[in-house]
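Take a look at the structures listed below.
Here subunit A shows up in two complexes: once beside subunit B, once beside subunit C.
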Partner chain A sequence: MMASLFIVSKDIPQWLAAMAKTRKVFATQRESGAIIFKPYDPGREVVFERESVTSCKEAVFPQTKVLFSYFVKKNPETGETAGVAIEESLNKPAPQAVVFGTRPCGTKGFLTFDRVFDCDRIRDPYYTSLRERTAFITLACDRPGATCFCHWVGGAPDDPKGSDALLTPVEGGFLVEAVTEKGEELVNEARSLFAEADEKRREEGAAVRDKAKGMLTPKPDLTDIGPALEKRFRDLDFWEDMTAACVSCNMCTYLCPTCYCFNITDESDGQAGVRLRTWDACMSQQYSLEASGHNPRPTRAHRMRNRVNHKFWYHPKEYGGVISCCGCGRCVKHCPGSVDIRRILLTALERKDEDAE
Partner chain B sequence: MSQLTELKEAIRKALPDLDLVLGWREGYDALHAPPYHIRRQEDLEHLVFGPMCVNNLASQLMHLRGKKVGIIVKGCDARSVVELLQEKIVNRESLVIFAMPCKGVLDVKKIRRALDIDHAREVHFHNGTIEITSGDKTSSVELKDVLADKCLRCHYPNATEYDHFIGEPVEPRVSAEEAAADPAMEELAGMDLTERFAFWKTHMNRCLRCYACRNSCPLCFCRDVCLADSRDPHWQSQETSVREKWMFQMIHAMHLAGRCTQCGECERACPVGIPILLLKKHLNAVVKDLFNYEAGIDPTATPPLFTFKVEEENIKEIEL
Partner chain C sequence: MKTPNNPYAPKLARIVETEMENATVKTFRVVFEDQAYMQSFSFKPGQVGQLTAFGAGEATFVINSPPTRMDYLQFSVMRAGEVTTALHMLKEGDLVGVRAPLGNAFPVEDMKGKNVVLIAGGIGMAPLRTLLLYMLDNRADYGDILLIYGTRSPDDFCYKADMAEWGARDDMKVVETVDSACTLWTKCVGLVPNVLLDEKPSPGNAVAVTCGPPIMIRFTLEALGKLGFTDEQIITTLERRMKCGMGLCGRCNIGEKYVCVDGPVFTMAELRELPPEL
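Presenting the complex of A and B:
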């Protein structure tokens, strides 16, 4: 890690503008009360005071990704199909990108994506082409809220994992620490905006981080969460009770930095069309609907069981014990029914010695 | 006896004949009260009632068809129940309604703008203010500044259809005329078409197609066979372009014309603050104008779009 630097708040737009010259920059902006990630617009204020509603998932895993476009050629005489012309979207290189102001939990979401989309078994070019070109300038969290639980799942309000640079809010500005070479490069390109951070500022930064950690509530031991969930697998009464407030919408999965399920559809308009990869959600009835008409997950209870089990049981089982939840709390905070995934986990743990009837 | 004790008592007596009762319980902080199912007498200890009970429990009735269900309703929620009865989606005999007169519910987004509520441990209401203890800090704000918009113009605080009415009816906050005067609607009406187009385009661009609005709606009953997801027939592309998102929202609104009781759950559920209730209010105003009808008031009335007259009083056929 390079030495700590300091940038005053009012110079942040200049830094963003410098990066935006050659890159696509995503930053948190306020629209109609909601803080969301959007392409940086110099005319709009970048807001940092709280975690954004949408995560930065869109930057690397866009909600709609055109895989290719096609055109079905017809023989004008007979009307018969005479071949299909295909244009691959991968042939157009993705621009370099920077995600600015995501919290450590959101940034770490992509570590889950990496395990799935870029591993020994598979290397998904649509994902990796964007992933490689995207840098993350993360903002350490100075006031975790009631829905935050990054520390339950191995995170921390100042966790630099997955980030290229880490900012810490201090009086009048931000402490800046590059974590990777990419991060160092982004700082050096606008080096005149940064000053060396003196000891007082560094101490202030450390105090801000310590204070944030102190605000976290005591964490439970999740070592046995897999077996505990396994015990409740057939206990549909448990899942019914846990999902009484769920409306089975897709919001929790769409706001989630680690939910990576997708749908692939052909969207035709006459002879032309596109094959799309779009976000999908296991909370939706169609997700598990089979061609026969049978649905193995017919109710919201079945579907929530899958969502929770996937993050805390199936994924860890598949990927060396790593839980695929980053603890950002978006699914709790923004859920229209305030469904609390932590309550589901704690109740399952409480009942881990109890067999289903 | 407090209102809550009285409510618990009424449920306690009714519960043996019911599969479950829909209520609100304490949430992860003092400002949230998620819906829950009361199945056993011991579940009653979690029951809460107050301005944090924002969810319209009628949204769940469709899932629970075939069961004998008790439901606690505020005045506005009762209108959804009435509409469901009018449309014969819900059967009155399998329903026990516990009516709670309501003085308004909180808009947590408004509170968040006014106060630090990151760790809301305690909430107290007195003399028109709400006092919130977040962490070790206590602060307060006037209740009228943080009530949901719909509550500030509420003309129906008391349920009209019920089996048990708990406590005393409350006076409506405003008259029917005042309830109809909506500054947000007036603002929209004041825009010319280009401005209005730009207004909706900006808002719809933010839509995630997460369907929280659709699924929170007590009257959106297609749910799992919604045209927004259907592949056969293929009405909508899965693309998340503003065109597709806007199209979905327009269809959603059209399907609620004259049915929507303006409970506001769609707009409350929206994570990115799209004012989608405006579309429904507009269509309701049109229905009111044409048919002099308001949804969810009279259980015996037939909603205008569920019937037809050869000659409508207020719709003039094009003269040839």
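Presenting the complex of A and C:
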């Protein structure tokens, strides 16, 4: 990490403007009363005091991505297909991008994406082209919220993992620490906006972080969560109880920084068409519905079982024990039915020695 | 323009022949437009491919021709939804997109020297067709072959010309059965699992491979158990809704396994290790 720097709050828009000259910048801004990640608009205030409702996954994993477009050429005489011209969107280089003000939990969400989309088995070119060109300037949390549980899953309010630079809120501004070369570059490009942080400020930053960590509630030991969920697999009464309030709105998956399921569909207009990759949701009934009418996950209980198991059992089993939930708490905070994934985990752990019927 | 190694990009293939198997299943024989690609293309029996009907989308089908016969790749499509209906509209000379091969294959090497019992129901004959033709093209490598193929009614059989040819061979046995008796049907009548019990294939040095609707699979597995087949001797291919075909999009998982990359072929012993979510 480079030496700590300091930037006063009122200079943040100038920093954003400097970065926005050559890059696409995403920042947390207000929209219809909610705080969400949006392309930076200098006319809007960047909001720091509350975590955004949406995660920043849109920056690297857009809700809708055109994979390629095509045009079916017909023989005008016979109407027969003469050819299909396919134009891949990858031919246009992705813009450099900066995600500004994401929290450590949301930034770490991309570490889950990396394990899945950029591994020995497969390298997804649409993902990696955006991922490589995106930098994350993360804001350390000064107070955990009631729904936060990053520390349950290996995170912390000031965890720099996955970030390119880390900001810590202090009196009048932010301490800034570059974590990677990418982060250093973003600071150096606007170096005149930053001052060396003196010892007093550095101590203040450390105190802010320590205070946030001190406010975390005691965490459960999730070492046995996989086997505990395995014990509950056949216990549909348990899953029905846990999902009784679920209204299948899919919000938990759309807001989740680590949910990466997608759909692939075509949209066409006459002979022209596009193939789209769009966010999908495992909590939706159509998601696993087969053409025959058979559905291996026919009820909310089956679907929630798969969602929780995927994050806390299947993914860790496949990727060396790493849980794929980042503990941001969005699924808890914004669920219209108040379904709480922490309750599901704790209840499963409580009953880990109890066999299902 | 194509980016090399883009796993989402289909290769163009021309339909050289089509055939209606029954009221809802249409078979397509396709050849890649790029001749060099067609010549270098290889796959193993049981692997699947994604077919694109441009304008409608993609869906997954097994390559039901064998790798020993590379004049074309054959897919059989049951009309069920938007993509399959669009595929059914296509005719000889039209272009489709193909992403293949995807998934794993039947363990044809391990099966060498063994007797093979193939048990198919309905469109479940498609993956077994590629396996059977592969074995017939390497006939000396395999022991006795028994095929039990059942459908609801005589009209529902696929690959009728193949069935006639296989039935005439003296180096394999074919049992065709329909669920209930009807006029002009002189062959076997009865549900596949019951016919299997009547045939009593010996589990000694044998492998059973089954594919069909879930209810048939369930009772076929019971029947194989009664006959003395162990979980290691039973192979099945699974169906799941799939989109990407590369273990990313999420929907075809059973526990931590993805049917599109770890399957579709599983032994019963492998399935017992997974959470029961079929």
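Rule of thumb we're sticking to: the second predicted complex is superposed on the first by the 357 of 357 C-alpha atoms of A that agree within 3 Å, B and C clash if a C-alpha of one lies under 4 Å from a C-alpha of the other, contacts with A are read in each partner's own complex, and residues count from 1 in each chain.
Here is the rule we go by: a contact is a pair of C-beta atoms (placed from the backbone, for glycine too) under 8 Å apart; a residue touches a chain by one contact, two chains touch by 3 or more.
Quick caveat, the model's predicted, so the values are computed rather than measured.
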Quiz prompt | Touching partner for A:Asp355 - first (subunit B), second (subunit C), both, neither | solution = neither
Quiz item: A:Asn263 contacts which: subunit B (first), subunit C (second), both, neither?
Solution: both
Exercise. Using the superposition on chain A described above, determine whether A:Asp221 touches subunit B (first), subunit C (second), both, or neither.
Key: neither
Quiz item: A:Gly33 contacts which: subunit B (first), subunit C (second), both, neither?
Solution: first
Quiz item: Now for A:Ala146: first (subunit B), second (subunit C), both, or neither, which partner does it touch?
Solution: first
Practice problem: Report for A:His294: first if it touches subunit B alone, second if subunit C alone, otherwise both or neither. | Solution: second
Quiz item: What is the contact status of A:Glu199 with respect to subunit B (first) and subunit C (second): first, second, both, or neither?
Solution: neither
Quiz item: Where does A:Cys249 make contact in the superposed view: on subunit B (first), on subunit C (second), on both, or on neither?
Solution: first
Exercise. Identify the partner contact of A:Val332: answer first if only subunit B is touched, second if only subunit C is, both if each is, neither if none is.
Key: first
Exercise. Take the contacts of subunit A with subunit B and those with subunit C, and give the residues found in both.
Key: 263, 265
Self-check item: Complex interface listing, subunit A residues touching subunit C
Solution: 67-68, 70, 72, 80-81, 83-84, 86-88, 90-91, 116-117, 121-126, 230, 233-234, 260-266, 268, 273, 275, 277, 280, 282, 287-292, 294, 296-297, 302, 306, 309-310, 313-315, 317-318
Quiz item: Any idea which subunit B residues touch subunit A in the complex?
Solution: 27-29, 32-37, 55, 59-60, 63, 109, 113, 118-120, 135, 202-203, 206, 208-212, 214-216, 223-224, 229, 231, 237-241, 265, 268-269, 271-275
Quiz item: In their complex, what parts of subunit A are in touch with subunit B?
Solution: 31-34, 36, 53-54, 63-64, 143-147, 215, 240-241, 244-245, 247-251, 254-255, 263, 265, 267, 274, 276, 278-279, 281, 284-286, 300, 332, 334, 336-340, 342-343
Quiz prompt | Contacting residues of subunit C [partner subunit A, same complex] | solution = 1-3, 5-10, 12, 52, 54-58, 78, 80-81, 84, 93-95, 97, 213-214, 239-241, 243-244, 246-256, 261, 275-278
